[in-house]
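To keep things simple, chains are lettered A, B, C, D and E as they appear, and every chain counts its residues starting from 1.
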Amino acid sequence: MLEVKSLASRYGRIPALAGVTLHVRAGEMVAIVGANGAGKTTLLRTLSGVQPPCGGSIVFEGQDLLKLHARQRVQAGIIQVPEGRQVFAQMTVEDNLRLGAFARGSAHHLDPVLDLFPVLRDKFRELAGNLSGGQQQMLAIGRALMARPRLLLLDEPGMGLAPRLVAEIFSRIAALGKVGTTILLVDQNARAALGVASRGYVMETGRIVLEGSARDLLHDRQVQRAYLGSA
Amino acid sequence: QEAIRIGAFLSVTGPAAFLGDPELKTLEMYVERINAEGGILGRKVQLVSYDDAGDAEKARTFAKRLIEQDKVDVIVGGSTTGTTMAAVPLAEQSGTPFISLAGAVPIVEPPKKWVFKTPHTDRMACEKIFADTQSRKLTKVALISGSGGFDKSMRGECVKVASKYGVELVADETYGANDTDMTAQLTKIKGSGAQAVLNAGFGQGPAIVTRNYRQVGLTLPLYQSHGVASREFIKLAGAAAEGVRLPAAALLVSDILPGNDPQKPVVSSYRKNYEDRFKSEVSAFGGHAYDGLMLAIGAMKTAHSTDKGKVRDALEATRGYVGTGGVVNMSANDHMGLDLTAFRMLEVKDGKWSLAR
Amino acid sequence: MSGAWLQFIASGLTAGAIYALVALGFTIVFNASGAINFAQGEFVMVGGMSAASLVAAGVSLPLAILLAVAAAIVVALVIERVAIAPARHAGTVTLIIITIGVSLFLRGLAQLVWGKGVFRLPAFSGEEPIAFGGATLLPQSLWVLAGATLAVLALRFFYGRTLAGKAMLATSYNRLAAQLVGINTRAVLFASFGLAALLGAVGGVLIAPIAFTSYDAGIMLGLKGFAAAMLGGLGSFPGAVLGGLVLGLLEGLGAGFLSSAYKDAIAFVAILAVLFFFPGGFLGARSSDRV
Amino acid sequence: MTLLAVRGLTKSFGGVKAITDLDLRIARGAVHSIIGPNGAGKTSLINMLSGIYRPDAGSIALDGVDLAGQPAHRFAAAGIGRTFQNLQVFFNMTALENVMAGRHLRERHSLAAALLRTRALQRAEAESRQFARDLLRLVGLCGQEDTRADAMAYGALKRLEIARALAAQPRLLLLDEPAAGLNATEAREIDALIQRLAQGGTTIVLVEHNMALVMEVSDHIVVLDHGRKLAEGTPQEVSAHPGVIEAYLGKAEVADEDEAEAAHA
Amino acid sequence: MLAAFVALAPLALPNNYAYEIAIQIALNAVVCIGLNLLIGYAGQISLGHAGFFALGGYASAILATRYGVPVWLSLPGACAAVGALAYLLGRPTLRLKGHPLAMATLGLGVIISIAITTEDQWTGGPDGMQVPPLVLFGLALQGERAWYWITGALLVATVWLALNLIDSPNGRALRALHGSEVAARTLGIDCTRVKLQVFTLSAVLAALAGALTAHYAGFITPAKASFLHSVELVIMVVFGGMASVFGAVVGAAVMTLLPQLLTVLKDYEMMVFGAVLVATMVLFPQGLVPTLARWWRWRMQ
């Protein structure tokens, strides 16, 4: 479904991606783990089109993505949940969610998302900026789901969420994967991420250094030492 | 041989553009004509002009530039009193003859050795108006004025000379240069018991005053200043301008001047030249520049030299020069040389200027 | 004195309606980019000048108005493409300076095209003042008031009820997030300039019979319109209109009862006082800076 | 040995009661964690303890001095430092300058001294710079001293905020989700850092959702729910509290951990 | 480096007119450095500094002409008075941020300007007033060359002071409150006080430059207090580069010179000036100096 070949990107002169090659099959959930500054966020930004690449190729369902603007990629079903939530702080929860479906244009239903995150129903008319950190995180995910993503790019969806919710969100994400949404997941909670994913990649300084099934990675000594906090 | 250099700093843009624009056009046109006729003293004439946009600080810098860098022989310019006064010390220090095109009294009072001016003063305008109200037996006059330099200066002069003509000022209102509605001020005037209203101002403000004047139902005689002496005023004020009086130079009514008027040939020819060339109506202001240039040229011819001191002396000795503004007779104490007869009292009739009475 | 009272109010409303129209234009661009477009006054000027010069050239008033509005929109769109879009990542202050540059450019251009004269447009429905309770109002003032009312209703509907309007707002709040939900942020900025010019030009045409117009009319309109937008609350359309009317009334009443020389100062003192108590203006968003 | 005593603290926003009548005692030198579901009021509490929000009612006494109602910089001057859940880094400065800005309270000079760059000031600046470098090393940002903050990755910024707060050498340090965005290994480094600070005598209030970290470092845990205290006690007591499991921890998490441990073994 | 430049520049100045421009640049630069501390470093916009500039000039002139205060005293007196006024006005004003702050400072400037225009018995009204020359140690300071050295020295001193300030804890506090006011407060920075300090400092610098401009020119008009002059000052700051002391100097220099150069274009002047401004800000969104500096660094590496 998604084929990324030697993708590179830089901030000014500083390279952040130095040739990333990976692929995601339809319906699959793939996790990416890596230390701070490894370039995970940059990778997702480049995939969604808000960050210009400086080399390589991205092919999505046979289509060359580099030719498409961010907006066209959203229309093609590539939706990113950005790092740091990025909700429309001065707008209500409702408007945030409705805007999530902006690119789809057609009629949209809020209920599935509100059922997934009942808090959002309580705060429906509140300004998003007044929500607590975790509530905003839920809103950001909910907004992305409103677009009915085909490929969902999740950048640290569990950040700032209560443990109970993390577990819940990850299981919902897994459920999404089962009904056919393809997911590329970045999370610092590597254990949880690899727990729900089928495959994983490990990134270091802008490169993929390891790939394999999630189970193999979970049991890889190096991965355990570097990312799972095991001594 | 090197060209004679005439320097000019004018408010070609900015709020006083309606002064500077015709002034510059006039200077450019006549310098061209003079050169076409072979120049003066056997030399070509070169005009060096700058736009000060009505800013005194800029005017000073440009005056310095004219004197220090361009080394001009004489300066004709200073569209407004503010810009003129900024350049006066420089002309005095460097000893450069300077003919100002601005109105206020302090330019020539007290007289300054190197500074002259061509337009009538605002005090003369006040006197002309008050003489008119006196003859119509109107003694209670309401003042309304803009907040610009011209407006405030004229207001001040009018306040000073009012008593001389037995005029009592019963209201004193102000408006801003860009205000869009003056009915509030006029309503106050309406309640003041005035028998006539005098508006000291220039630009579009007076046209709005005139329209608002009719809107609030005022029917008293309305006097405007020489600052709106152009067709544009009638165009903007429309039907409301009917009956408005103002003091102005003969230029505006050149076509209806009696044939024996000494100014008739001068103003008719200037008008024709200007209107043929620029396809727009003359105003009194371009005429001031014409007079300034001609006075300077005349002085150089008389002096047979461009020596600054000699030109200055010749300027001061100007007698009987007939210009667009009137007949000029300068002296050591009078660096303007005009009297009240230079002003005509005009009235708007059927959308045109006419001589009052 | 009651007649005088009313006339001061009428005077204030006349000026206020003009400010309101300009303030609405500020609000549109602000709501798409978060920046103040100091060229808004010039859009008004371009509309008024085009219409006035066309009418002077013999074009009928309705056609002249149409052409003038079209001209202003074209100018605004070109400017957006050339000057604003390339700098859309720059900071707010830089954007403001760019719009100031644009306003100078347009003023210079207008001066070349139309000269430095003052122009007037014929009133839409006669010049006969309408008298009420001892005060008078020009019919054109009612046109201006009606124009402002209509504009604010239309804008409120567009921004409050339609997803396209919300998308424009969203772009100013968070451009990254707007891109990620599929909003064409460049088109939003483009459209907002077109819309602001449309409104500005209509305003310019409406006010030209009262306030006249000249190449430099935009300076004062820009200043007062900005003040009105701030007073009403930046970003709020009803606020812009309210701010405009209040500003006009402050001036009218200030000139009537206190001092005509200080009427602008009185208005600004009042604005300062309002801002000190409601930093967001009358109807501005109560900002939430949560941490 | 109470350092901070909070009594009857209340704060609401419109209809939302963020914190209701809360009492709290923070013992000197200990690590206190505050946990609770999203929206429980943890950040609001931290905001009041640092003077950002003015409480509707209640007192906040540091060493017996009530600070409630004072401006935020007085809280700082009294010895309270903090980090932010939503980053509040000075993005217009380098990492080193960010930390040096944290020295503000320790390095005060008159405007005149600053303008004239007096000897005393130069000396103090040099010391400050060294201190800031040491702190950056401490949080693991060695080598990034001269990077502008807007070019740093999220995780690095979180640590930068900690270093900046430490620069003021606060008596009481409030950390709002310091480990968010860090992976387990990196979280462990924060863990070690917190313990080191605590040993050095700094009192710490930690808000965090990373239970591994919380359980490891806390001497005492307070659980908030809907702005009220739900439970309080040692890590063991709290993690076994049924109300806490129900409202916050959930069963899954515990199961997950077990599974992972099992897999590891 | 700047000092050397100031010392050597006279070799290239052909006449008094050139000196005049140099003096104007120096005086404008002094205002811009102060304003840049406020706008560029502390992130607090002011659209009213022309008011302080003009007040400095008027106050010194009025003290000297009406009250016979010697100019060497009236000048610092005026600066102190303007500083005190800015301090008082700044108290409520600086509680605002962003656009409301811009509006409020604009309002202050406009009010000052209206007062100056209207109170003509003090100020001479719209046409301005005459200002006596600066007398130092019993010597009337006259002539472009003398003024060049005075203003040049003042500029060098101001740059030095500003650079010192920026690289001090106080300067960091300024930038910190720009970056995040909440964070700055939790570090013990009294933001209200810091803002007030820099606002007052910038107002005093504006007043100083205003007073010197007035004494140098021999007159002053209300145009110096106008909104347009305030905008001009801000343009200088942004054009040269925000948060850059040399940016302020370069901005002042370019924006003083440019109109003098463009004046040959006559009717096209305003258009071209606008276009140049737009083009520069589009190409150098950070302002001239920071963008060029970055470019230079990039080249060097």
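To be clear about the criterion, a residue touches a chain if its C-beta (ideal position, glycine included) is under 8 Å from a C-beta of that chain, and two chains touch if they have at least 3 such contacts.
Just so we're clear, the structure is a prediction, and the values are computed from it rather than from any experiment.
Here the chain-to-chain distance from chain A to chain B, counted in touching steps, is 2. Among the other chains, D has the CA centre that is most remote from the centre of chain C. Using CA-based centroids throughout, the chain positioned farthest away from chain E is A. In this structure, the chain pairs D-E and B-E differ in their number of contacting C-beta pairs, and the larger number is found at D-E.
Annotation: 74 Å between the Cα-based centres of chain B and chain D.
Here the spacing of chain A and chain C, counted between their Cα centres, is 43 Å. Averaged C-alpha coordinates put the centre of chain A at 49 Å from the centre of chain E. Remark: chain A and chain D have CA centroids separated by 28 Å (rounded to whole angstrom). Annotation for chain C: residues touching 2 or more other chains are 111, 219, 261, 264, 290-291. Chain contacts: chain B has residues 13, 147, 174 touching two or more partner chains. Chain D has residues 43, 52, 84-86, 88 in contact with two or more other chains.
Here chain B touches chain E in the complex through residues 12-13, 50-51, 54-58, 60-62, 64-65, 67-69, 80-82, 85-86, 89, 104, 147-149, 151-153, 156, 174, going by the rule given at the top.
Within the complex, the chain E residues that touch chain B are 14-18, 20-21, 24, 117-118, 120, 125-128, 213, 217-219, 221, 223-224, 259-260, 263, 266-267, 269-270. Against chain E, in their complex, chain D makes its touches with residues 50-52, 71-73, 75-77, 80-82, 84, 88-93, 97, 100-105, 107-109, 111, 113-117, 121, 124-125, 128, 149, 164-165, 167-168.
For chain B in complex with chain C, the touching residues are 13-15, 17-18, 21, 147, 173-176, 178-185, 187-188, 191, 203-204, 207-208, 214-217, 232, 235-236, 238-239, 280.
Across the complex, chain C meets chain A through its residues 163, 166-167, 169-170, 173-174, 176-184, 285, 287-288, 290.
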